[in-house]
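Take this structure first; my questions come after.
Chains here go by letter, A, B, C and D, matching the order in which they are written, and residues are numbered from 1 within each.
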Amino acid sequence: QDALVEFLLRMGDNALILGHRNSEWCGHGPQLEEDIAVSNIALDLIGQAAMWLELAGAVEGQGRSADDLAYLRDVWDFRNVKLVERPNGDFGATLMRQFLFDAFHFHQLRGLVASSDARVSEIAAKALKEVSYHLERSAGQVIALGDGTGESRGRMQAALEDQWSYALELFASDGTDRNMAEAGIAPDPAELRGLWDETVGAVMAEATLEIPDSDFAHQGGKQGTHTEHLGYILAEMQFLQRAYPGAEW
Amino acid sequence: QDALVEFLLRMGDNALILGHRNSEWCGHGPQLEEDIAVSNIALDLIGQAAMWLELAGAVEGQGRSADDLAYLRDVWDFRNVKLVERPNGDFGATLMRQFLFDAFHFHQLRGLVASSDARVSEIAAKALKEVSYHLERSAGQVIALGDGTGESRGRMQAALEDQWSYALELFASDGTDRNMAEAGIAPDPAELRGLWDETVGAVMAEATLEIPDSDFAHQGGKQGTHTEHLGYILAEMQFLQRAYPGAEW
Amino acid sequence: SPEEIAFQERIDRNEKIEPKEWMPEGYRKTLIRQIGQHAHSEIVGQLPEGNWITRAPTLERKQILLAKVQDEAGHGLYLYCAAETLGVSRDELLERLHSGDMKYSSIFNYPTLTWADMGAVGWLVDGAAIMNQVPLQRTSYGPYSRAMIRICKEESFHQRQGYAIMMKMANGTPAQKKMAQDALNRLWYPSLMMFGPSDKDSVHSAQSMAWKIKMNTNDELRQKFVDQTVPQAEYLGLTVPDPDLKWNEEKGGYDFTEPDWDEFYQVLKGNGPCNKERLGARVKAWEDGAWYREAMTAHAKKKAARRSAVAAE
Amino acid sequence: SPEEIAFQERIDRNEKIEPKEWMPEGYRKTLIRQIGQHAHSEIVGQLPEGNWITRAPTLERKQILLAKVQDEAGHGLYLYCAAETLGVSRDELLERLHSGDMKYSSIFNYPTLTWADMGAVGWLVDGAAIMNQVPLQRTSYGPYSRAMIRICKEESFHQRQGYAIMMKMANGTPAQKKMAQDALNRLWYPSLMMFGPSDKDSVHSAQSMAWKIKMNTNDELRQKFVDQTVPQAEYLGLTVPDPDLKWNEEKGGYDFTEPDWDEFYQVLKGNGPCNKERLGARVKAWEDGAWYREAMTAHAKKKAARRSAVAAE
């Protein structure tokens, strides 16, 4: 029960915080089509966050709504990986992060569609449709920018190296993950590494980018120990709910 | 009475928000001595803010402390000029803003030392000592950077042009200001313009910078209509007080 | 000229002019200016509302707002495409925006200061925009008319969403009510300015009306907007910040105070509260994105070259 | 060599070595490395606490924190000056920091995640720093010894302020208590690491001890720190995150679990939670400030030239 709540918070918080970061681009993208695309991904992710958090609140059984969970928890109660809370960097870095996350998210949701928990499987099925498209798009963009100009290749390679050790947190399984896997609720993240390596390897090859030769993985986000960036995200995101408690919007 | 509270909030909020902006440099200045100096100015200003806001709360008579006023008002209740809430820009722009404000602040405080209200005059006397030093320092820096290299001159000229119309809000007197002037509590800001022009003119001449030929003045900050930047400052500044209401720190 | 007479007759018969057909240079130029400024307004118009996306107070409101701002980008896209049919590229138009040569609607030079502004912008600004745009669905230039039809449909949806936010606020806590009133106070007159200067001061109008590029006069639309909006404000329990506002039985509409046209011309000149921020944000986005656009072009060329190399084998 | 023997005798007599006096190259090099790293630690150490200045919960706490971080910059200044007496410039040392050639204390590669960290850093990190520094007031190199005396005075003030924050939190609301315990949990082992690896794995120690550059072994100081800190934690009602911690009557000190030395070496290698952010922030500040430093130099030269021109008239 507790483990399920924990797992659902991880799903919801990843989507919420990555959606938040993408939404920062709205109105500031490098061209109109991209502006629309990145906002669209933000929109999908925030929609998914709402579904996962609502279910987390329901399973927890203390009457907390998705909004309560999004707006009234402080940093230590957030369960997203550190990757998604880092600042956007340039548009290429945002796309690289999106791709590294999408490649995981896609395989994870495919596993979740077969979840033994019908509520989980239902949300996963909805999300998978969106995320299949996210992955297709971010993969295409990473390939194009890797293959584009010398400058774009350099930026994408730097982004890949910068984010690699954060992406690897996605595969750091802990007790919660093993618990979910045993109950047939969710795939063990560690076991998705092979599929992810394949997807990422194929795209990076086409993008002419070199995968970093390092297995060092940042950790702790999933358990609530974040980077210094999350606090600033929450201060902004939660301002109205914190300043006007109990108001309806 | 109301006008006095209003006036005191203007004094306190200018100091608080400019102090906040300066404090953002702490640890990020261009050299160690500057890091210390800019933090020191931030410290002085926040100290002054605490004094003005405490007095504002006392005059208001509703039991609000300086912290209540700093941490529990939303944007529309802030009374600082727009100049002080704008983002820092580069270190030169921060110094230019500081100088334009110091030159006003100095002459204003000299007037306030002679206030008919003893409490006001007492705070002003304390602040004037600090602000005399702020002005001396920021004037020296503006001169040095204007006179320095081609690049530094260009940056300082751009900063001056960017900030000029915001600085002029300092002299936009309204009913509150006239009320304070009539009561002998504070000098009318509009009447400080001559002194300010002298101080600014002398420094800019030495700095080889050209004063913009424009009298357009941004307005509204003093009455609570701010730029979009203030909301972000408050979201960050007030987070803990908003998230943990009633806690003691 | 005979061509011009025939052209005007087509317009008078309410025929649509299509891209490849003959048109007077003045018609083309006026349309490019108008459609271009409209397109620019959509993308600059993303910024004031975009300012609250990260701070939207609930997940649902955040999604609605994101979708709305995204729609505005989409409107920009339709309109740039419509302008392109007149022989001007999107990049060219953007360059003219960035250089200050072309304008966007002045309303977007006002800041959004509280969440209530998300309601008031939808209600008043989109409301005024629709008032301007509905007649343009019947404009004489085919691609423009079709773009306006799509846009109007979405805009009226946005306006209802904005009004819904105002309802929540006006019926909310005292602080929320205060926010709502404050937003109305700040945005009322700038909204009235959206219809342009008074007819007596408006240039180009007669020719544009004859060409059916402009369908109504500024004052007609402004009156219509006031007549529609005042009862909505009353329903919200908010006060329109105009002490001289009153119903005029005789004309069947409200008498109201004109906006401060000095302020209007100041803002137009660049001296609005946010002119520098707005244009600055657009220019920054464009410049920061240069490497991205170049890379996408380079990749597309490489791909095409690889494809034709394979085909040649 | 006879010089070396005489030098060691002076040290053994507790004489201070002063800048212009003869000293072995190894002594000079070791001192430069140690003082430089200490200076770097002060300025990098501004960052984790600087992270909370804009969010400090009261005006008083904000002033105390600002003053503290400013003091750290001041300590950096004293120490760079002390290093300069050994013939290495501040710019040279900074270059070696920025290139990764010189290190700073690994503790600053950990993030500050809640306000309680402002308490815990003051209490534990400054506490450990003082434990390291107090003996160094008696170090053999005069300028270093004098810098340490000034610094220690301020540091113990900081430590008391940190502990005062912890007191407020530990006696505050349940959320504040939780924050305080969480901060202790995260910072306990990194603080123990501040004394360096276990004596058996520590290099350079014997020579440094003979030169009185190092006054105590790492393990001695660590033990002292634990013995001092555990009762303070108890007084706060917080639990030290070490299930094996217990008083050992025989040795008159606590038995405790060693920190995870693998983690220590990982962080040293660059794989800590914030290594990139910390060094990145310093490099950015330095590069962004280049135009400023150049301009100040140019102005100073112009001024001097003008002065001598006047003098020459």
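FYI, contacts are C-beta pairs under 8 Å (C-beta built on N, C-alpha and C of every residue); 3 or more make two chains touch, one makes a residue touch a chain.
Just so you know, these numbers come straight off a predicted model, no measurement behind them.
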Labels of chains that are neighbours to subunit A and to subunit B: C, D
Gap in Å, rounded to a whole number, between the CA centres of subunit D and subunit C: 57
Intercentroid distance (Cα basis), subunit C paired with subunit B, Å: 37
Residue numbers of subunit A (touch at least two other chains): 74, 231, 235-236, 239
In subunit D, residues with contacts to at least two other chains: 55, 175
Arrangement of touching chains [line / ring / star / complete / other]: other
Pairwise chain contacts, counting only pairs that touch as defined: A-B, A-C, A-D, B-C, B-D
Residue numbers on subunit B that touch subunit D, as the complex places them: 16, 20, 23-24, 26-36, 39-40, 42-43, 46-47, 49-50, 53, 66-67, 70-71, 90-92, 143-145, 147-149, 151-152, 155, 233, 236-237, 239-241, 244, 246-249
For the subunit D and subunit A complex, residues of the former touching the latter: 51, 55, 111-114, 175, 178-179, 182, 186, 266, 271, 273-274, 276-277
Contact set on subunit D toward subunit B in their complex: 43, 46-47, 50, 53-63, 66-67, 69-70, 73-74, 76-77, 80, 90, 115, 165, 168-169, 172-173, 175-176, 281, 284-286, 288-296, 298-300, 302
Subunit B residues within the subunit C interface of the complex: 74-76, 162, 165, 216, 218, 220, 225-228, 231, 235
Complex contacts: residues of subunit B adjacent to subunit A: 74, 231-232, 234-236, 238-239, 242-243, 245
